[in-house]
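Think of it as A, B, C, D, E and F in the order they're written, each chain with its own count starting at 1.
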Amino acid sequence: MSASGTNEFSRPSGRAPDQLREVRIERAFTRHAEGSVLISFGDTRVLCTASVENRVPGFLRGKGEGWVTAEYGMLPRATNTRNDREAARGKQGGRTLEIQRLIGRSLRACVDRKMLGERTITLDCDVLQADGGTRTAAITGAYVALVDAVHWMTKRGDIKPKSGRSAIFGAVAAVSVGIYRGVPVLDLDYAEDSDCDTDMNVVMNDGGGFIEVQGTAEGHAFRAEELAAMTSLAARGVTELVGMQREALGR
Amino acid sequence: MSASGTNEFSRPSGRAPDQLREVRIERAFTRHAEGSVLISFGDTRVLCTASVENRVPGFLRGKGEGWVTAEYGMLPRATNTRNDREAARGKQGGRTLEIQRLIGRSLRACVDRKMLGERTITLDCDVLQADGGTRTAAITGAYVALVDAVHWMTKRGDIKPKSGRSAIFGAVAAVSVGIYRGVPVLDLDYAEDSDCDTDMNVVMNDGGGFIEVQGTAEGHAFRAEELAAMTSLAARGVTELVGMQREALGR
Amino acid sequence: MSASGTNEFSRPSGRAPDQLREVRIERAFTRHAEGSVLISFGDTRVLCTASVENRVPGFLRGKGEGWVTAEYGMLPRATNTRNDREAARGKQGGRTLEIQRLIGRSLRACVDRKMLGERTITLDCDVLQADGGTRTAAITGAYVALVDAVHWMTKRGDIKPKSGRSAIFGAVAAVSVGIYRGVPVLDLDYAEDSDCDTDMNVVMNDGGGFIEVQGTAEGHAFRAEELAAMTSLAARGVTELVGMQREALGR
Amino acid sequence: MSASGTNEFSRPSGRAPDQLREVRIERAFTRHAEGSVLISFGDTRVLCTASVENRVPGFLRGKGEGWVTAEYGMLPRATNTRNDREAARGKQGGRTLEIQRLIGRSLRACVDRKMLGERTITLDCDVLQADGGTRTAAITGAYVALVDAVHWMTKRGDIKPKSGRSAIFGAVAAVSVGIYRGVPVLDLDYAEDSDCDTDMNVVMNDGGGFIEVQGTAEGHAFRAEELAAMTSLAARGVTELVGMQREALGR
Amino acid sequence: MSASGTNEFSRPSGRAPDQLREVRIERAFTRHAEGSVLISFGDTRVLCTASVENRVPGFLRGKGEGWVTAEYGMLPRATNTRNDREAARGKQGGRTLEIQRLIGRSLRACVDRKMLGERTITLDCDVLQADGGTRTAAITGAYVALVDAVHWMTKRGDIKPKSGRSAIFGAVAAVSVGIYRGVPVLDLDYAEDSDCDTDMNVVMNDGGGFIEVQGTAEGHAFRAEELAAMTSLAARGVTELVGMQREALGR
Amino acid sequence: MSASGTNEFSRPSGRAPDQLREVRIERAFTRHAEGSVLISFGDTRVLCTASVENRVPGFLRGKGEGWVTAEYGMLPRATNTRNDREAARGKQGGRTLEIQRLIGRSLRACVDRKMLGERTITLDCDVLQADGGTRTAAITGAYVALVDAVHWMTKRGDIKPKSGRSAIFGAVAAVSVGIYRGVPVLDLDYAEDSDCDTDMNVVMNDGGGFIEVQGTAEGHAFRAEELAAMTSLAARGVTELVGMQREALGR
């Protein structure tokens, strides 16, 4: 399962199987949002902003708790060939809706919504440039923007820490893994993604727990031991990413 | 991990942790479609039809191969409280799109699309009554409808078996698993689904390979060993379901 | 005008000109709705559910009366060739809107809306299989679902019968009639419908009064005496249908 | 049933029960369309244009025959209170679709579509001012615009009369009838329409044949003899209207 | 820059360069609206209605001031070839939205919105026949409809004049200008519009102030002195139009 | 007209009346597009990409010439408070359509479309951060992206220069001007834009010709001499901007 003895194996990028792309996290990338992060996983660049609003969706009105939601978009020419602008087509595609639902669920997993009061934090994740792994970069970056927004709310007094606890518990990050030419690899770029047998997105917290696991056999079906190898590889990647998030947040 | 020694543990339905609901598969439920199956997983009832058309989507035109796709819907009062009709609202929701993408991908995994010629098989999965697990019932039932449609095409001469091989290789079935009150359980009904910590949908083939794994932590994050226990439970469920599919198909 | 002396005349189905198809009415077909009826007019099968909600449309708010409305849909493969799913196309077609408006008007004609209080009963009529006459089957079945829902409301105490009167007065049923090869015939199936000169849908109450009459000349225009023959034939059909509704309701 | 002996009976407009409103038909109201007619039934004013295009809908392509279709609209302030503009709301309502389908069917009943060749005539009926009976005015006016367009096509040589026959056979006109305070009345205006027991729209040809009959009981259900009285009244109204169409066309 | 010495120059219509088309303003064209004006600039005919409603958009609620807005539409066959009906296509095009925004802004420039109270005046401008300059005709006619509506509100006591001042200050009118074959010309018709180098729409008040200036180089870019010549020509045209508005209003 | 002698006058930004904000033009900001420019006018930052595709809109098919079009978008949190995502609302707003039509027209003014062949260049202008003047920044930046795309096409041989002429003639740039507290000022930022009397967007070429002039009186109407002062100020601004474009392009 390990690539160590495979002389011929090489990734298109030349990375080791368990090696992340270069990750950069730039806070305060734009100035209006309560949190604004430009995250790069190699050539994949996603702008994640967190916006705080004093309202909640209808189903939460009057319940004294808040909401965290996400929207995802890709600029038309973030990709190799131009995609139609979803605003012009008049609807968001299935892939977009699927991804933004995933981002929202993932980040709600680390928020104490009661502490937010009746407020909504919207995480807008807009892909400026795509090279595979946009949803995992979006989750990892949106977490940082979310922390900044919660910090802003706490400074304003909108959130009162309870017994010193923040409204954010733990950290959340995500990474993709796959089976590329028979070898489990971490953090697929586009070249690998479009040519691999299995593609899996894994969202975890900093305690090593799984929040979301979404694996798809692109070619042949995968076995239980491949699943185990991939999730174990993802766990190592997420540990590294959580360290980078901490560093970016100056903790 | 097994519940056998847990005296206090019981599922709302009284089922054993590794027990499926009663599954019924009724072929030729309606008369127009090339395949038409009413599948029940307990109180969940999904009508799955397979329709054959002599056209393919634009991106496949002229390539000499076929397409398999799915659409999913839920009658407005399939559920406990009435949901808006998607046709009246003017769009399919994110959940619907996500599910129909999953069904389509899952079934394409067992079809030799070259053998179909430039034809499309559309699997319409409409939920008449919902009690949890509609997407896994849909995949399991749609497989049977698909086999019927391919059989119909073969009898007409639209498909010519190559060296005796059918255009369908293997079988595909799906089941949900979850962690309910600390115990991994198979085939969640609505009562369990809305009260469990983790919910996972697993699509597999009859060779024990995974086609899709989608797990979500609803409450606390789950651990690698819980993931392993769940996928192993799913594998047992899928084996049973594949047997029922075979029986329904009279093989 | 009568077919009695026409030796050569025969309907595709072999029925007598004034003979209904076999009608079956199955109550409690699904379990969540307050009324749930599967009605069959021969091969035409429509699932009619009645849903009670504690709200009324804006134009009735604060007026102390209720509303009865209908929605109609056809599963994509209810017909001989697959139709686009309206939810996927993003709008309901003109035929669908026309039919659901007709169903709603027809059933409002037998309800004392003041007695409902500020509640809405929505009748969802979904065609599982089509063979002509889906709108008349829908009206006839929706009436039974409506009675069940009003019964449920009465048992809960939402409706208080006034001087022993129910909120439903009389019964409503519908049938199609047409001129097929010069002969007025009752309850057209698809083969007759697509090959007849005139097609008329008639909604009546159990007192022999007309609620809706919608006749269309498909081929040549029809005469006053043909109109009279058709409405008289419809009256006989509705009388039979009302009897079947009563029987199904155990009255 | 007749109002002759009813001393107290009077219509809001003071008209006799069998009296049409003043009808005006103005041809060439606008200059671009191949037929352009402003028709007034009293205060109801509808602009009907006929546009000829060298194309047919997909289902007719290559069949060598033409198509006649209609679209209907109402200016936002054609009515007493302003209605939302359908273009701004992003869809046509059910009433609009129902009416334009009726207009299209009615006029196709008098056209030999083979003689049109692969051309489409679109009848746009836009209500400038509404006072009841907009759909019947639209049908009556659209017929005149259609004749003008067919004449234009014939002059251009697009249509070649066969054995001297025009592509239009007979005339088509429409009128509403109803039961107002127990009396059958012809050509309801808005005051009557909103206060009558039964409302019926009748489309007929100049041979006295019925093309469409659409009757709705607004209050109590109507009886067979009321239906007969209404259709007979409609027949008289249509005869008058056909005379006015002829006069307008200078025949 | 003047055409006076240009012997060869002539406009398609034979008008002098600074000559408006024949303008007609017909008040009370329809009877329901609070203001209803049919305005003609030559063959361009626009029906402008003003509707008063006791509500304001959300952003003004509770602020004690009113709103003035516009909607614009063109009948499908107002033009030489038929355009799709925007209601049927399901959205208003960019041109339509641009024009209705312009009309709304232009007329808000002459209204004291505080004096309206929390009421909205909607100006519906529907083009019955188009021959160039529909937006400028619409603005000029909508002003007259607006004055009528404000007069109606004042008579009802909805508006109380302050120190004798009306809620309308000044007059607003609009005209197009362009460079046609090198000569600045006033009030372009369609023949000129589709063949000119520069097209400019100018909205002004009766004090000679500019409210909107929108100029577009269709062919070669225009110079500062051409801009000055065009705006000066527009000012003369607007002065004439304001005179006609006054006359129509009987002032 | 100059503010030099006005001791009290100052702009919120402290700039001189005729001073542009700091402008930065960064080419190749993303890697997939044929032209990709991040342009900043102070805190306004717009990503402009040019995409080349081998197809033209229907109305140009078979005519041997190309098309240049633009789309405009604003990230939801580019502004001070979050705006709804247009893709989620299901349509582009009027302001968006108006701006993208302006950008497209402006850039078509400097392209020889015959030389492009049957190809389309789409300019996507997405605002990452807004502080006034997004449309003028977009036009100025899109020009640079367009030049890069045409250069790429020329290098590939898609475009063959004719007699040494490029497919781009001249340069196009845009700037806003306004009357702020009585003084004409150049390049308004958001603070000025929301508090000025007149706001004008001016698009010019490098020969000093006007391509588009769009002026709106926000407060009082403006006079001919104010219009002249503003366009003259704009001309100076555009001259500077054209110099920066040249420098960015290395010419």
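Assume a contact is a pair of C-beta atoms (placed from the backbone, for glycine too) under 8 Å apart; a residue touches a chain by one contact, two chains touch by 3 or more.
Predicted model only: the values in this text are computed from it and were never measured.
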Intersection of the contact lists for subunit E and subunit F: none
Topological distance between subunit C and subunit D, in contact steps: 1
Sort the other chains by how far their Cα centres are from that of subunit E and give me the top one. B
Inter-copy rotation, subunit B to subunit E, in degrees (Cα atoms; steps of 5): 180
Where subunit B and subunit C are represented by their mean Cα positions, the distance between them in whole Å: 34
Can you check how far apart subunit C and subunit E are, centre to centre, with Cα atoms defining each centre and the answer in Å? 52
Listing for subunit E: what residues touch at least two other chains? 90-91
Hey, which residues of subunit C end up touching subunit D in the complex? 91, 93-95, 97-98, 100-101, 105, 109, 200, 204-205, 207-217, 220-224, 227-228, 231-232, 235
For the subunit A and subunit F complex, residues of the former touching the latter: 30-33, 36, 43, 45, 47, 49, 51, 53, 71, 73, 75-80, 82, 85-88, 90-92, 96, 122, 124, 126, 128-130
